[in-house]
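I have a structure here, written as structure tokens, and I will follow up with some questions on it.
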Amino acid sequence: MTVTVNGKPMEVPEGFSVEDLLARLKVRREFTAVALNREVTQRARYAETRLSDGDRIEIVHPMGGG
Amino acid sequence: MTVTVNGKPMEVPEGFSVEDLLARLKVRREFTAVALNREVTQRARYAETRLSDGDRIEIVHPMGGG
Amino acid sequence: MTVTVNGKPMEVPEGFSVEDLLARLKVRREFTAVALNREVTQRARYAETRLSDGDRIEIVHPMGGG
Amino acid sequence: MTVTVNGKPMEVPEGFSVEDLLARLKVRREFTAVALNREVTQRARYAETRLSDGDRIEIVHPMGGG
Amino acid sequence: MYDTSLWLGGKEFKSRLIVGTGKYPSFENMREAIEASGAEIVTVAVRRVSLPGQGESLLDFVDPKKYTLLPNTAGCYTADEAVRTCYLAREAGLGTLVKLEVIGDSRTLFPDVLGLLEATRTLSREGFTVLPYTNDDPVMAKKLEDAGAAVVMPLGAPIGSGLGIRNPYNIKLILEAVTVPVIVDAGVGTASDAAIAMELGCDGVLMNTAIASAKDPVAMATAMRLAVEAGRLAFKAGRIGKKLYATASSPLEGVPEWTT
Amino acid sequence: MYDTSLWLGGKEFKSRLIVGTGKYPSFENMREAIEASGAEIVTVAVRRVSLPGQGESLLDFVDPKKYTLLPNTAGCYTADEAVRTCYLAREAGLGTLVKLEVIGDSRTLFPDVLGLLEATRTLSREGFTVLPYTNDDPVMAKKLEDAGAAVVMPLGAPIGSGLGIRNPYNIKLILEAVTVPVIVDAGVGTASDAAIAMELGCDGVLMNTAIASAKDPVAMATAMRLAVEAGRLAFKAGRIGKKLYATASSPLEGVPEWTT
Amino acid sequence: MYDTSLWLGGKEFKSRLIVGTGKYPSFENMREAIEASGAEIVTVAVRRVSLPGQGESLLDFVDPKKYTLLPNTAGCYTADEAVRTCYLAREAGLGTLVKLEVIGDSRTLFPDVLGLLEATRTLSREGFTVLPYTNDDPVMAKKLEDAGAAVVMPLGAPIGSGLGIRNPYNIKLILEAVTVPVIVDAGVGTASDAAIAMELGCDGVLMNTAIASAKDPVAMATAMRLAVEAGRLAFKAGRIGKKLYATASSPLEGVPEWTT
Amino acid sequence: MYDTSLWLGGKEFKSRLIVGTGKYPSFENMREAIEASGAEIVTVAVRRVSLPGQGESLLDFVDPKKYTLLPNTAGCYTADEAVRTCYLAREAGLGTLVKLEVIGDSRTLFPDVLGLLEATRTLSREGFTVLPYTNDDPVMAKKLEDAGAAVVMPLGAPIGSGLGIRNPYNIKLILEAVTVPVIVDAGVGTASDAAIAMELGCDGVLMNTAIASAKDPVAMATAMRLAVEAGRLAFKAGRIGKKLYATASSPLEGVPEWTT
């Protein structure tokens, strides 16, 4: 199925979780947060949170700003 | 009955109209407007608009301002 | 002999006067003044004022300025 | 005889010196200077410098200023 | 020399100066001062008549046939009060061109922009030509335009303060942010303040205290008229740039030499 | 309304604006701009005629019968040069009212006040009416008055810089230090600058570049005429004080109540 | 000498300077500059990670154990975006102290005060310590305080403009209008601007571009640290009044006389 | 980080702040304030001793071994008085580094630049290191340098006025006109004024009243020390330019999207 991660389409298998996604993308967990379809996903829920076709995922972290 | 005109209480007879009020108070009609209980009263309606006990009447006109 | 007029050398015959100079140079007289070797020459003296070799003459008039 | 010290008249004996004056007035010597009739008197000369009638002496030192 | 007309509510006005009618030593002095200012639009407040009625009225001295009246909502602290005051003004025959004030604080008399925005929306929907008195925030100015304001009137400084235009930068940003005319309202203290407002490119200036509370209101009114024209012309004429160094205005060539 | 005449060298002038004749796009444009400025006194430089002579002359466009000429000594770096230049001007029939410049530095065109003081002394002794262009130092202004200057003309900012009056405080101090008229010379960039000079209490303003180098000199000349009048009137009218807080211009009393 | 601590969200901070982390030539330079600034609070933006992940991270250079992070909502144009960004920041472990920005216009980056007010209300209800970036309108500042803002942060001038505090009068009015701390955010260009903010009585200054885009960010960061302390002390020390005239600092008495 | 030493009369000074000793509430308070200011050079007046002598002396509180004394000629209205005062100071053991004042007017305390120039010439010929207090005229500054001044000290505003640097443009022109150090003397009112002087590129600041007459001289002295360092560093660090528009300090890329 297809999900959108940080604005880019990505193919993922059925039942793929947020945890699986972060692992595949080698995302540093520290100071990182995830939103799934406009709602923030708690870290504790990464494993149990399964993605569905068309989901929009935002993965963010701090960057230089003022 | 008692009505409040520009913040001051005033005794008026039953069935007293806005027209009667303006007459009694010798109010210049030109560039003057009247509000009865928060609603503007059209000039055309002065005569037919009867006051009730407790009514609040505002009679205004232009004054110096910036 | 050689005189310097407004910074430029010029050959003039012996006994040449300021008057002769202005005439030769077709200088408008109105609002014009002449200095001969640092001293202002009065208009009335143009004719009688003879130039000598090496003399420095300044001929000036008003120009746009602020 | 009479001399003027810092603007005030003062009686002093004949042959009185600058040194004598400073002593009598208990002036602190440190960072102090003396002028006699408009001329600065060198410290080394205090003893030998005798005052004359009508002399004007200025005795100064540093004060708070900006 | 240049078109200097200001268009408001489909009407053309030759003067870009709008003046108030408050705080004058006398009605007579006010009449002369307004005359001297050349203003065609005159602001008035809407207040309770003193009872019993009769007595001199402001409009005995400001002929409504000669001047366009601009009733204001001074003293209103909510959108509701301001809107109702405009209805009263209209019913009183003062027209539908209104100077909208929704005051947020009695100390600074700064606007409450939330109430201002709401009242602007309501009144323009009701067919009023709304001139809102606002702060000098360009984003808020744009919101007012979008809400239907016919003009935006940023303050130059607090009402009656005479501090002039405290922040010309913001006025410039407002001029770029909106397409409706921009009129500086409040803060002008003297003639040069009015000229500066116009030199920035504003379409007009509104003032009351600077004239009415001057030692000689009539003379100051004349000064303001001249200053607004001067500022407008200077804006159109295209001023010289600013330079740190000097540039001679007289020719460098042709200076006589006095060799010794 | 108020006497707005300026007296110089025993002559009365209705206009308090003095303009230059340099740097205009054309003589014709200059003629129109001077006309529009309302100026009665016009500064000119004294320069070598181009040889052979003939050709258009400045004074074909500035009628000496109509305008009082004010020859300047621009380009002179010593008292001697400046004095001799004034002698030439007088002999040329340009009169004895002179704008005295003794320049100290070509980058800033600031005056050399020592030479200026010397030349002022010499020329006033010789019967000239001397208008010295000086810095904005009140002590120097007083020295110039004592040396016979008929007027003192402090700079507002460097010549041609358009920076306006950089230091109004010093201009105020000069106004208190001297009894002769004070004319701000140099630095004006736009109309409000001229108004500010007059609001400070100055007796006049002298400018050239601000008008001649504007995109539209004629329009700017008009703006300057209006601004000088506006500033003068505002000064006479007595402006309101400056306050940090607001003061309502509409009555606080009599606001209708909309009890809900 | 004076308590110079700033209390935010129940935490004490010795430094009154808050600095950003954007636009530095390098992370290393940023680290040194922040160190030099003495700041204890550091703003960060919340942005998408670049995918695939890994690579250097900002926080490898700004130790969160050493500095209090202040995530901002820069780039958010609605209350909704801003609120969700704060939720993300909290979940990312950046805490609940947030610099709230709801931008109204990309050209001026002025706030959209309506959205700002709404987001402030929501977030403070949600337990965030909200530091809203707002305009310099005292009425709006009060509304933000009433909506639960822990601090109000008026702009001195547009973000990154370096224009300094364009309107000190409004900052003063804000200081009188609210009881929460006032921090000037945006506009500072150089050290004296920061000092001026503190001299007005502000509780702190927040800046990024002035340091990060200076030729030498580390030196400028030091300058800013010193300037904020200087300004704060000067405010506490009670400056002398301003006078038009001079007052001698040396005694008028006791000057020696040199009668000739 | 940067060399911040000031060289005067062949001596190196780490501090760029010179302070006076007049007008303090007490000698003890003065001592502490000077200490706090970090100044190494301290100005003193030369006045008649009170007779009979003895009693506390200024120098019991300002250790001449620790501080370099800078006797001034305050109160002198002629070159002759000023020169003789310097001779007295030298004979009194106060050294040959002198702050030269030749006052032109008691109201403004502006210098009499003619007398100043003459005295500068005489004293530098006599081996003094002359620091003349002058106006902000760049041409005069150059003349003083040519006359042997070791430094030029233009006023920022009248002595004791606290008006700050009225005309930064002239200070800039002076910095370009001379090669000797430029120290702003007089006018500073608060810390930011001192920072501004240094940011302009000045080599130092001299002040008395701003510290001595502050409510808390010791705190203000500290503020001035910090402000002078801040201003110097900011000057060296290279400030950002000024822009009318905003530039975001946070990245425009990577903002999360919240499609609804």
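Each chain carries a letter (A, B, C, D, E, F, G and H) given by its place in the written order, and its residues are counted from 1.
Definition applied: contacts are C-beta pairs under 8 Å (C-beta built on N, C-alpha and C of every residue); 3 or more make two chains touch, one makes a residue touch a chain.
Just so you know, these numbers come straight off a predicted model, no measurement behind them.
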item: Given chain A and chain H, the chains that contact each of them; value: G
item: Minimum number of chain-to-chain touching steps separating chain B from chain G; value: 2
item: Chain pair among B-E, C-F or D-G whose interface repeats that of A-H, sharing over half of the contact pairs by residue number; value: D-G
item: Which of B-E and F-H has more C-beta contact pairs; value: B-E
item: Mean-CA-position distance for chain G and chain F (Å); value: 45
item: Whole-Å separation of chain centres (CA-atom averages), chain C against chain H; value: 55
item: Geometric centre distance via CA averages, chain D-chain B, whole Å; value: 94
item: Inter-chain centre distance, chain A versus chain B - centres from mean C-alpha coordinates, in Å; value: 68
item: Chain H residues counted as touching two or more neighbouring chains; value: 20, 22-23, 45-48, 72, 74, 84, 88, 107-108, 110, 158-159, 163, 169, 173, 208-209, 212, 244, 249-251, 254, 256, 258
item: In chain B, residues with contacts to at least two other chains; value: 6-7, 35, 38, 58, 60, 63-66
item: Pairs of chains in contact (touch as defined earlier), listed by label; value: A-G, A-H, B-E, B-F, C-E, C-F, D-G, D-H, E-F, E-G, E-H, F-G, F-H, G-H
item: Residue ranges of chain F in contact with chain C within the complex; value: 19-24, 30, 43-49, 51-54, 57-59, 64, 69, 71-72, 74, 84, 87-89, 91-94, 159, 206-209, 212
item: Footprint of chain G on chain E - complex, ascending; value: 104-105, 107-108, 110-114, 117, 135, 137-140, 142-143, 157-158, 163, 166-167, 169-170, 173, 176-177
item: Interfacial residue positions of chain H with respect to chain E in the complex; value: 169, 172-173, 244
item: Residue numbers on chain C that touch chain E, as the complex places them; value: 6-7, 35, 38, 56, 58, 60, 63-66
item: Chain D - residues contacting chain H, complex; value: 5-8, 22, 25-28, 30-35, 38, 40-43, 58-66
